[in-house]
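What follows is a pair of complexes built around chain A, which joins chain B in one and chain C in the other.
What follows is the complex of A and B.
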């Protein structure tokens, strides 16, 4: 308890520490927002809740890590390569598993993707070992405010790449024919079929796109933080928190919620200790669910 | 004798089964621990089916009660004799002896206390989560289990990430295994008898009504929240008890991998139920036996890849075989379940 109060006191005494925490949180949050955007896409278009989301992120990170270590590729190239490789893995996953659970009830998709998550985490564990891995970029670290705020250029670059990717996907969804077809399918799959859209193709494309976005996010994460085969579930949970808090098809909401959760986690980790960081992500999810519940309870009329 | 058997085979079959349950540890002395684990699977599968199969609320967080039961029983048993903080900070070292009487009182009352403690926590958690429907309920309960594991692993009073070391069984080690087996078996038989009765009552009918259409059930005057809470509390009671027994079986346990093992037992119980058939009395039992056998085979023959094989099994079960064995039998042999199919009508429909 004293330690917690002491940590809070530190934040008040040195306001610049707050700024450092917020910047760090926003940078992590940008990557959460990316994974969450993919989840919202799949959730909205084909009503599949993908619990393997975080494992796609980690898999993308390992694709980049493996190529850099084995064929000496430049880490920055890992982002587009992971995008392409994970596109293929996502497509195969769709054909083998996801295409068979779309029409079923929601719990089926949840459980099937949970099984998938266990499988992917274990395969990565067997292939790459259970150590944490990362790639280092030779980039300078900028310092502000007497060294209180450290801004590694690698992280800035990572955030810029995440933003560029998000912008690209948004423009694609707005302007291309496929993007239009995806949005039409999300609105009403039956009507889209009647109007001649091949929804099966749209579903396959959407899921592959989601997987590719996750893969690229993972390739960025391996450059600026660390990955480990079993970290997937935390990214899945954060993606769920973001989507549940922001709602589907609400892109500004997803970005805001992603950044907010990143910052909240950093604050929590700073105040309660680093061991609580994952617990905080989960507790935020529960709080979001309960707040939503209370909001809806007000609208609901029940027998008393 | 034969005539009465033909008229009503059920009591006879149950009797044979009960005798088998009682003699099993002596019949297969090398497999006592295996059989005890099988009971654990059967019990958690049956309790999961109470909410998941009969009431339509698919929880992914029932493991929360297992872990909480473990800790509740351990803390209760220790606190009867020693100060919990001193005990856990020694991590099994130091002089903390338990007499026979202290061990057994701790075991029995600790497990029962764990049951009641979990039932009460089910009321609290359920009150917060039962407004959630479908996948939100599953994710919410999963979140509760993960959060609990993380919080307990940071709670130094109960041993933090290192967990708790409990006293070993006083006396012969093999006797201890048989003792644990019977503790599980008694809980399982009581649970089976209880569910066998419960599913035939009005209460069971109300549970099924909630599963089939919650809005209509509410409109018919069923206070759905109350039914949901009581059902979950009953399930949690039994999971808490087996959690307590497991704590004494494993002797030493830690929060993330053993107590709140979200991706092991937490998901296994769901797979057991799906393998056997949701919403039936025998489905979870048959599913648990099937799953346990498959698990042991993959563990011995696919060493290293066993987890991949299990994940694969989950995906295949969920995607291709979701009605389970009982559901499959029901479509093949409906007369076994007392469902009469009018052949003429059936052919006309074809």
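What follows is the complex of A and C.
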């Protein structure tokens, strides 16, 4: 308790630290949002809860890391390359696994994607080893407020790329024919089929797009943090919390929730200790679920 | 031409007969067992340990094998992959003992796996010499058949506390003026490290101003580093396996943390010099062993000779540091050889008693076991990354280089 009070005292004594926490949290949250964005698509369109979401993120990181270390590619090029490679891996995964569980019960799809997560982690472990890996971008760190606010340009660039990608996907969903087909399928797959939309193609495209977004997110993460074959679960949990908090089908909400959870985790880490940082995301999830349940109950009472 | 070939073959045969290689071929096989992590999260370090075992077996064979009474033996190890899982390790230990009839075991990788396997070897009274489990909680359970060649984990970073006190005194200050920040993973190994640092800091009257536990899947420690910036400790201690080391070095560099002394574990495993370049400079790293130390023995020669010959046998290490995990694995095999020869029998309890009485000088350091089974004869060593090179700087008796203090923040 003394430690918590001491930490709160520090935030009051040095108000600039609050700003530093928010900035850091938003930068982290932008990457959570990107990882969650694809999950929201797959969940909303195909009704598949992809427990391997984080493993696709890590796989994207390894694609970039491998290419940088083996063919000398620039780390920044890793983002588009990981996008393309993971698109292919996502398409193959859809054909081999996801297409077989897509209209089955919830338990089957959870089990299949859970198995996929374990398999992907083990394959990455066999291919790349269990050591943590990262890439370094030789970029300056901007400092403000006597060094309390720092903006590592590598992280800023990562956030900008993540934002550009998210914006690109939003525009694609809004303006392209495939985007419209995806939205129609998400609303009612049977009606979309009746209208002549090839929903099988839409599903394959959506899952591939999700994998590609994850791949790009992983290529950014390997430049700003570290990756390890078994880190997938970290990003899967965050992605699920973000999507649940945002509400299904609310893609702009996913971005807002990602940023909010990033900032909340940073604050939690400062006040309660870094060991509790992850618990903050789970607590947020529980609170959101409780609020939703209460809202549903109230709506039912009003209707009655 | 044919005659030349024939004479060459004869010459080769005579040469072979006059060396240990031919003698070794006549030796019988003495089988050891080991469940080791060849897949899973400890696969890399598991492979280091296995390579260390195999290199020692090869060297012992080249040096005439193990002489037990009037017979000669060579080691052979049955390995099973424990997949980095404790329950799997325990099952495989049972299999090695009950199905493969193994009477002697080499340890797995990590304290957690050793913790899972030790109750099994203890139940069947199978002597196990381990090299990769440092948690002191392994040695307070009264095990009689478990022996560890490495120093226990509370000693890993305690020397950094002593070094910080020495530096304070050199600056005309009292050791009690030193402020310490601790960030360790919430696992048995790292909590032991924390306990060692707290104990030594308390003895010297130092104030611990940050004491945080890191989550197991740590990827960001900016929350702690912001506190470090505000509270300005003199010593920052971080332990969180390779992910902790990688995250700390990356973010200490990014956030321009100016703490004069930073000490970590697992620098080599995280390849902090390769991954983060100059950001790793002047960081202190604990190690069980270094190739620059002056230890030696008749089988492996000096520590530097071990490194050179090991790299010759395993070219994949040519461009890297030979990890201490490998050296200590070789030392564990050497302990078995020494114990078998002193026991003069293959009877497991006699060998167990001989291991308990080990008093051995090796390339890895002195080995002498306490009643509890941990090695009490070898100190931990602290290295500092100086211009990308790992140089021994503490304890002062082992130091090959002066410590750079205060650390230069990039």
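By definition in this document, the second predicted complex is superposed on the first by the 298 of 304 C-alpha atoms of A that agree within 3 Å, B and C clash if a C-alpha of one lies under 4 Å from a C-alpha of the other, contacts with A are read in each partner's own complex, and residues count from 1 in each chain.
To be clear about the criterion, contacts are C-beta pairs under 8 Å (C-beta built on N, C-alpha and C of every residue); 3 or more make two chains touch, one makes a residue touch a chain.
Just so you know, these numbers come straight off a predicted model, no measurement behind them.
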Touched partner set for A:168, first chain B, second chain C, both or neither: neither
First, second, both or neither for A:273, with chain B first and chain C second: both
Chain B versus chain C as contact partner of A:15, first or second or both or neither: neither
Partner chain in contact with A:106 - chain B first, chain C second, else both or neither: first
Chain B versus chain C as contact partner of A:247, first or second or both or neither: neither
Partner chain in contact with A:88 - chain B first, chain C second, else both or neither: neither
Touching partner for A:225 - first (chain B), second (chain C), both, neither: second
Chain B versus chain C as contact partner of A:126, first or second or both or neither: both
First, second, both or neither for A:118, with chain B first and chain C second: first
Residues of chain A that lie at the interface with chain B and also at the interface with chain C: 122, 125-126, 233, 273, 275, 278
Residues of chain A that touch chain B when the two form their complex: 49, 97, 100-101, 104-112, 114-120, 122-123, 125-126, 233, 237, 240, 244, 273, 275-276, 278-279, 282-283, 285-286, 289-290, 293, 296-297, 302-303
Touching residues on chain A, where the partner in the complex is chain C: 3, 7, 10, 14, 17, 20-21, 24, 28, 122, 125-126, 129-134, 136, 141, 143, 147-148, 150, 152, 154-155, 225-226, 228-231, 233-234, 266, 269-270, 273-275, 277-278
Chain B - residues contacting chain A, complex: 58, 60, 128-129, 131-132, 134-136, 138-140, 143-144, 146-147, 150-151, 153-154, 218-219, 221, 223, 263, 267, 270, 274, 304-305, 307-308, 310-315, 318-320, 322
Chain A-facing residues of chain C, complex: 39-45, 84, 183, 186, 211-215, 217-224, 226-227, 229-231, 242-243, 246-247, 250, 254-256, 269-271, 275-277
